[in-house]
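Take this structure, written in structure tokens, and hold onto it; I'll ask about it next.
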Amino acid sequence: MAPPDLVAEPRIAAWNRRVDWWLTGLAAVFLAAYAWQVLDTSLPPAGRDALEFVLTGTWVVFVVDYVVRIALARRRWYFVRTHLLDLVILALPMFRQLRVLRLITVITVLNRQLRDDARGRVLFYVMGAVVLIGFVASLAVLDAERYAPDASITTFGGAVWWTITTISTVGYGDRYPVTPEGRLVAASLMVAGIALLGVVTASIASWFVENLRRTEATVERELDEVSADVDRTEVQLAAVLAELRAINARLDALERSSRPS
Amino acid sequence: MAPPDLVAEPRIAAWNRRVDWWLTGLAAVFLAAYAWQVLDTSLPPAGRDALEFVLTGTWVVFVVDYVVRIALARRRWYFVRTHLLDLVILALPMFRQLRVLRLITVITVLNRQLRDDARGRVLFYVMGAVVLIGFVASLAVLDAERYAPDASITTFGGAVWWTITTISTVGYGDRYPVTPEGRLVAASLMVAGIALLGVVTASIASWFVENLRRTEATVERELDEVSADVDRTEVQLAAVLAELRAINARLDALERSSRPS
Amino acid sequence: MAPPDLVAEPRIAAWNRRVDWWLTGLAAVFLAAYAWQVLDTSLPPAGRDALEFVLTGTWVVFVVDYVVRIALARRRWYFVRTHLLDLVILALPMFRQLRVLRLITVITVLNRQLRDDARGRVLFYVMGAVVLIGFVASLAVLDAERYAPDASITTFGGAVWWTITTISTVGYGDRYPVTPEGRLVAASLMVAGIALLGVVTASIASWFVENLRRTEATVERELDEVSADVDRTEVQLAAVLAELRAINARLDALERSSRPS
Amino acid sequence: MAPPDLVAEPRIAAWNRRVDWWLTGLAAVFLAAYAWQVLDTSLPPAGRDALEFVLTGTWVVFVVDYVVRIALARRRWYFVRTHLLDLVILALPMFRQLRVLRLITVITVLNRQLRDDARGRVLFYVMGAVVLIGFVASLAVLDAERYAPDASITTFGGAVWWTITTISTVGYGDRYPVTPEGRLVAASLMVAGIALLGVVTASIASWFVENLRRTEATVERELDEVSADVDRTEVQLAAVLAELRAINARLDALERSSRPS
């Protein structure tokens, strides 16, 4: 799902364009089913099974998408090598303990869509990404912690509050995860916070470079004008030389005609 | 209250200019009444009612200001669409649970005034904004938490201390909000902290761009001089060509006059 | 003690140059006496009184320095108005409760010396400033907290540990101040942390601008060369015109001499 | 181990090139033995002694490397003075209490290798450095805290979790070091976190300067072209003057020849 060298892989690029919206929809379905499963504690076993079926089903589709992209790749081994992280994130959730990693794929897909929609409006994108990541992290940490002994995160409200105090790096410590899965979510959330800060810094930096480009463009335009002027000068000088040579030729003729007389 | 496209809305711009100071005064009155209500716990019911009347009254004036601006707008729907957040912040406090949101409007108005007063002096502005936001957050969190069971923020001193540890993202965790309203205040405070950091970064960035502009200006001025020199060269060359053509013409005449002889 | 408009106040500038080292020494003496008083709990009352005498004495000298500078000022009221913060910091410690503020003057003086010594070596300066501020804050918080009920900062080691967790904004919350004075120290420490970050950012920024200056200088030098070339061209063209006019004059003469023949 | 003035010390530079890989391997061996000693609590006394022998042995080699470099130095005292920190870090671990400082040398060597491998790929380097520093800090804090009374960091999992919450400056406070050695590790970890942030900022800054360089290069290239054009103009003008002087010479001759007639 990372941006591959699409110029060298036109078939994957075409596939991506075709399935992009479907994958986004699928990620949204996965997230909705996951949220329902986590938040609705009064769900009967049958409903729980149905949601589990949806979650497994969408997961299988993500795996199929990856396999198809390998099949379409020209340089197959190169593709697998450069998309190893995707493979790991798709394969690891087979183990029950690491099912929380499925959310990384879902966030990656939804985040890409968000980034495409928000092109240029960084504030909008950052807000969207924080809400998305915060919502998913709150669900995941609640799912992981809820029934753990000594858990301090046992309600969705508490999970949201914990997410806010963590992503802002305030960390009161009134609530914190105690299970390995919950701590994995916490670590991801901290990385996400630092990454978001990086996006903000990078966007300020790119705004700078745009300014630099404009300065460069102005100076280059002025230089082009000067260059054109100098070129015109050269043409004029060529004309001057031509006239002078004509004069010299005429003077030669004059000299010759005046000498015999 | 966001900066609207005032060029396209001259009537709103005129209205804003006229009511700007009144709104600032109103926000100050609101804040004073709110602070009194929160801090003076020995207030008799009659005094409390009087303050409540002031708070509701100023609130109604803010709503009226919004309605007038809609009425003055040329492109009414566009105005409402681009000022949706203002509408939400003005409408939500109708619900008792969300009355704390009134403070956002008050801070927005006072902050705008502060920004206009501090134009260019970033340190002064940042200090003012931190004091304003910190004071309001301390009042709001105290108002929300004070009578909650298990609350750790029960005095104004404690609320100020909590505000300092939160906005600096230190977060000892000796005090933290436990009510939904208090946590809303906490989340806003964290966002404010990050936003203030953004203002500092942006001001350093703008100082850069000013430097860039100066470089650009120097280079452009030098380029203009060179350009003027080259233009003068062209004028001189035109004079040279004119002289040469005159010479050629005379030589023609000379030739003609010398040939018959 | 802020950098005054020394060009307009030559007498204060001269005074500053003369007393600079004495004030630095005095600040060091104050800090040493303060550290001794705080750290040596087995000090007999007589020793304690002696240290108190040193602390009060150095303080009086700082006040005298301020008064002398007012006396030397040409625009006396302007000086007082622009150095109001210094006045406040010097006057407030008269109240026993606010004696901790004396340390701000001491840090300001020592920090200025450090900045002068470290000119250009930002890393060195930042390390020095962190150690200085951290040491003073550890002493001050220990002095304030030590005998408070429920205090968690009761040893110098614990105070240093608390200072480290606070200035890095980690804030575990295993130790935190509970007295107003201790919290004043904490708030100052958080501001210092943010200010140090600002110094680092500003130094990276200034390194940038230096780079910009160099680019500017290169382009300007090249432009100067082009400008000189164009000027030479103008001189050459003037010579060309002079020659041409001479030719025309001669041709005039030729014409006149050939017509009568 | 800091980058010495290698141009002035060719023998040390040659030595560094020869032993570079050996030191990296040695650091890896040290780290592996240290990890084994800390993590394998069921190690028999004989195994523990063997690991201790490896640790002491590699340490001695690092000391020998330092001594050899002093011996190779041309300006011996200058070398020792500018590498004082290395000396301190190598000498202090002789005291049992400060043995944790050995890890600083190990991290320095491995970090240098990582930086050389990752040249240009900042994200890769930052991730590698965080993992390296985090792993070492987790081992060191566990080693220091494990058997302390009131310790909250007693398992490797707990140590890793504490490292994550500390380096991200979240600091919940559910776990924190209580021994002096553990707190030394914590302080180093906080400095490392700030340093890593500095690396990220510096890399964004260097990316900028590269952009600046490219702008400079473009403008200079255009200026060179203009300069060349102007030079060509000068050559043309010289030709014009030569022609004109030839004309004048001929006119002189013409005049002379026409006057006697």
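General remarks:
Each chain carries a letter (A, B, C and D) given by its place in the written order, and its residues are counted from 1.
By our rule, contacts are C-beta pairs under 8 Å (C-beta built on N, C-alpha and C of every residue); 3 or more make two chains touch, one makes a residue touch a chain.
The chain lineup, named per UniProt: A, B, C, D = Potassium channel family protein.
These numbers come from a predicted model, not from an experiment.
The angle needed to superpose subunit A on subunit D by their Cα atoms is 90 degrees, rounded to the nearest 5. Comparing the CA-atom centres of all chains against that of subunit C, the greatest distance is found for A. Centroids of subunit A and subunit B (each the mean of its C-alpha atoms) stand 29 Å apart.
Shared interface positions of subunit A, defined as residues touching 2 or more other chains, are 169-173, 201, 208, 212, 215, 219, 223, 226, 230, 233, 237, 240, 244, 247, 251, 254, 258, 261. Of all the residues in subunit C, the ones that touch subunit D in their complex are 157, 161, 164-165, 168-174, 200-201, 204, 207-208, 211-212, 215, 218-219, 222-223, 225-226, 229-230, 232-233, 236-237, 239-240, 243-244, 246-247, 250-251, 253-254, 257-258, 261. For subunit C in complex with subunit B, the touching residues are 166, 169-173, 176, 180, 183, 186-187, 190, 193-194, 198, 201-202, 205, 208-209, 212-213, 215-216, 219-220, 223-224, 226-227, 230-231, 233-234, 237-238, 240-241, 244-245, 247-248, 251, 254-255, 258-259, 261.
Contact residues of subunit C toward subunit A in the complex are 169, 171-173, 219, 233, 240.
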